[in-house]
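Chain nomenclature is as follows: A, B, C and D, assigned in order of appearance, with residue numbering initiated at 1 for each chain independently.
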Amino acid sequence: MGFAMAELLLAQGHQLFVYNRAHEKAQPLHEAGARIAGTPFDAAREAEVVISMLADDTAVEAVTFGAAGILAALQPNAVHVSCSTISVALSDRLAAAHAEAGLGYVAAPVFGRPEAAVAKKLWLLAAGKAADVERALPALEALGRGVTRLGETASVANLVKLTGNVFIASMIESLGEAFALTRKAGVAPELFLELFKNVFGQGSLILENYASQVARDRYEPAGFKAKLGLKDLRLALSAADQLEVPLPTASLIRDQLLSAVATGQGDLDWGVIARMAAKRAGL
Amino acid sequence: MGFAMAELLLAQGHQLFVYNRAHEKAQPLHEAGARIAGTPFDAAREAEVVISMLADDTAVEAVTFGAAGILAALQPNAVHVSCSTISVALSDRLAAAHAEAGLGYVAAPVFGRPEAAVAKKLWLLAAGKAADVERALPALEALGRGVTRLGETASVANLVKLTGNVFIASMIESLGEAFALTRKAGVAPELFLELFKNVFGQGSLILENYASQVARDRYEPAGFKAKLGLKDLRLALSAADQLEVPLPTASLIRDQLLSAVATGQGDLDWGVIARMAAKRAGL
Amino acid sequence: MGFAMAELLLAQGHQLFVYNRAHEKAQPLHEAGARIAGTPFDAAREAEVVISMLADDTAVEAVTFGAAGILAALQPNAVHVSCSTISVALSDRLAAAHAEAGLGYVAAPVFGRPEAAVAKKLWLLAAGKAADVERALPALEALGRGVTRLGETASVANLVKLTGNVFIASMIESLGEAFALTRKAGVAPELFLELFKNVFGQGSLILENYASQVARDRYEPAGFKAKLGLKDLRLALSAADQLEVPLPTASLIRDQLLSAVATGQGDLDWGVIARMAAKRAGL
Amino acid sequence: MGFAMAELLLAQGHQLFVYNRAHEKAQPLHEAGARIAGTPFDAAREAEVVISMLADDTAVEAVTFGAAGILAALQPNAVHVSCSTISVALSDRLAAAHAEAGLGYVAAPVFGRPEAAVAKKLWLLAAGKAADVERALPALEALGRGVTRLGETASVANLVKLTGNVFIASMIESLGEAFALTRKAGVAPELFLELFKNVFGQGSLILENYASQVARDRYEPAGFKAKLGLKDLRLALSAADQLEVPLPTASLIRDQLLSAVATGQGDLDWGVIARMAAKRAGL
């Protein structure tokens, strides 16, 4: 991922010092115009903006706080842009450590896989002090098709990135249950896939529309009532039971809809299960 | 919904007898060229194809098996196309009853809301005996942008429709959890929505790509390893815990990923949680 | 089970007609004084009280409604005591059918396995019209160590029996998670069992005390606060995560406690998770 | 809790230095013969065995590692017995710190509430180096009705204590679901409580018997087959659905039983759901 990002920056005329633990991996970037640094310290010490993209908390800690790390190297007013998917706790710690050292810090995790990075199709988040984010923006904009700014608390960007990954994982689980159920009913996976793409794939507005509804938190008038949704969940679980296919997510949602109906919300749109998720959190 | 479907058929030159329990609702269709029937029996008795679109099992039973119902009215070789979202059990019963009476029966539930129907953007399923489906196809094709044929067992189409609704409900629950979490972290819902649309909205291939992976059931080489997914779920749940936001779906998936790692599948793509859903079902 | 019940009744001087599908199984009861009937009808036609104990709904339907069944055989004022674990729906149907025929019907499912029956240690439920239950009581009291009367709606007894079985299954799941976790931490199952018996086994009041608290629905003053319970669930889940042991029940409860704290109930006794279960049901 | 433990030790002739953050709370112990210390350091510096019983990780860290803490005070060969319910991670850290300082450390969490402590009815765990546990044993035996030794890794005792608390919480959730369901069916909570005590209360062997089965991991011959258990869970969930009572634990278990049947284990005893919990953990 880091490689693709470096290529993009070079291609757009940015000057780059590159550091990678496996030095040989950085070699092609040298040929494309980057200077290669032997340590994170060397890569960072003359930079206005340092971008780190690493595997996990441990790697980010090592590269930032280590003896030959970024924190010790940065010039006053330089900004460390952390693109890694890391914990909220570490991001808070990084924000505090950079602030204390008079350095800028922006959390800027990205959505998209390396293939998307190559095509400049990443979507980036950015959170941190406004002045820091301003300085980081040209680099961030060079890295993808857009940036969403998420305010002054850097770790909020990390939380949002993690939320996005949880959402993807939820979709995989739901897909798993859907394919298992239809496959056991005799539908070939390829056929179900074709149908799925036609209904839910690229071009579908279903997900977007429900997201809009949840953002507005309005469930009247109902496009599809919770009590009808409950009916369908019951029918699906009953059919799955006959076919001996456990559907844990479906059971969980049936319980939400059942509770919605039991507490007098059956005539609201079934999007109300999102409101119930908020209420459970004390919102 | 039925109204929009009737309009589409009329607009495309089909001759229509229309029955609705609330007769006045059908009146505008009369002006558009349909004849209005006083009972389901009257609507059905001269028809080659009867399309029923009703709220639930009870309504379909009444309209089909009742004294003035469809089953008693149909001419030999006529086909009953049932577009309602009903139970697998009732669809099986309908198939048997029509077969016994020498009549055709096609289960043809639809994806899309009334607005989509108006714009001829529904997606239709069709299952039943091949000859029956053939006779129903012109009407079905007039009703939407495409039809997926699902074989000879009519109720499979109903199961697939229910599966789709479960999938939508899963997305709402996941959206609810995502908005609750980010909102409690201080992100305005509108801002999260904007980001969400950019990453997961219309135009995104994420869902489609994961669906393809699940259909292929191939998790090597890994685009994103299960053990890294587990890491992210842990970080998200930890942050949610701090913010006091329960994420039941996320916990469920964390458990799947934990089990994937515990059973030696941590280096596979995290799509493997879909395979685990299949294994739990004995597939 | 039926065999043990029959022996108990004979031993206490009751006169018995016995029917079992496998006639030879009833033979020893003949030697103990019972008369053997060739059909349910023959067993029932002279009886004041008929007791049925069968495997499932299907068997009870056959023996009750069949051509040679109980319903056709019973004398006016005779009572059918149904001890089988059957559905609420079938029990309602049985109640209606017996009432219509002028016959008594008591739902009397039992807690305990065959070994307990032999030792007269079953616990019995009884629901139905008061007069019916009165006539059934001598037989029920002969069958176990006690009877709980559950009012006039027979199927309530069936629901309560099913609830008890769900409770047992919950304990097994919780035991499974506890043994898996401790075993993976290196504790021999036998050792954990010994400890478990000392803390939770016969003689322990823990379960009884919590049941009393839930029945009273009083969570103040707190013996153990929800927020401390949340702390322990977090620590347990964290340790389980390290050991790669999924604990779905623990996650579910962590979410309840998290929601309790998020909604301002953290200082109540952690028994409040039972109140939340009631609220979800609209109580 | 600490107060009751101190009283027990004094009553059995142990010499005690007592420290409590709220000094006045310790006063009655002074009258019973204890000497009162102004700091943890003072309480610990002459002791052979120091027992700490505190609210959480933070308190234990403060009292142990603080400037006036236990670790700095202890004489060589003295043993710190930590009875608090703390994290596995902190217990590991305590074990390492004490070992490094040449001091003994025993994790000895307890089961039971303060009332049980007063009556010497606590049950204690003990884990740590054998020699340390030996030195701690007289004190531990003075504190309750028994001690289970859990080997040389101290933190295993903490894990087992947490597991016990998870088990209790699971029972509360299951009780909550059971009372909600029966209450909504019209059964008075007091009546269900009475029944519950008779079937599952003190004197019942049900829990103990299932624990033994799980410890043995033997599910043949079946006392109650998984497929029959599945039948009962289905019937219970169906009845709960009618009454609009969500039963998340029951749904979770239904899924386990469904998977058991789908994977060919339906004829095993339903205790097999415990084995499935172990398998998910890679055991």
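What we mean here is this: contacts are C-beta pairs under 8 Å (C-beta built on N, C-alpha and C of every residue); 3 or more make two chains touch, one makes a residue touch a chain.
Only a predicted model underlies this, so the values are computations on that prediction, with no experimental measurement involved.
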- Hey, which pair has more contacts between C-betas, A-D or B-D? A-D
- What is the chain whose Cα centre is as far as it gets from that of chain D? B
- Task: Examine where the copies chain A and chain C touch and state whether the two sides share over half of their residue numbers (same) or under half (different).
- Result: same
- Task: Would you mind pulling out the distance in Å between where the CA atoms of chain C average out and where those of chain D do?
- Result: 28
- Item | Intercentroid distance (Cα basis), chain D paired with chain B, Å | 47
- Where chain A and chain D are represented by their mean Cα positions, the distance between them in whole Å: 38
- Task: Scan chain B for residues touching two or more other chains and write them down.
- Result: 244-248, 252, 255-256, 259, 262, 280-282
- Task: Flag every residue of chain B that touches chain D in the complex, lowest number first.
- Result: 255, 259, 262-264, 279-282
- Message: Using the touch definition from the top, list the residues of chain C that touch chain D in their complex.
- Response: 55-56, 85-89, 111, 113, 123, 125, 146, 148, 150-151, 153, 156, 158-160, 162-187, 189-208, 210-212, 214-217, 223-224, 228-229, 231-233, 235-236, 238-239, 242-250, 252-253, 256-257, 270-271, 273-278, 280-283
- Note on the structure: Note: in the complex, chain B contacts chain C through residues 234, 241, 244-248, 251-252, 254-256, 258-259, 261-262
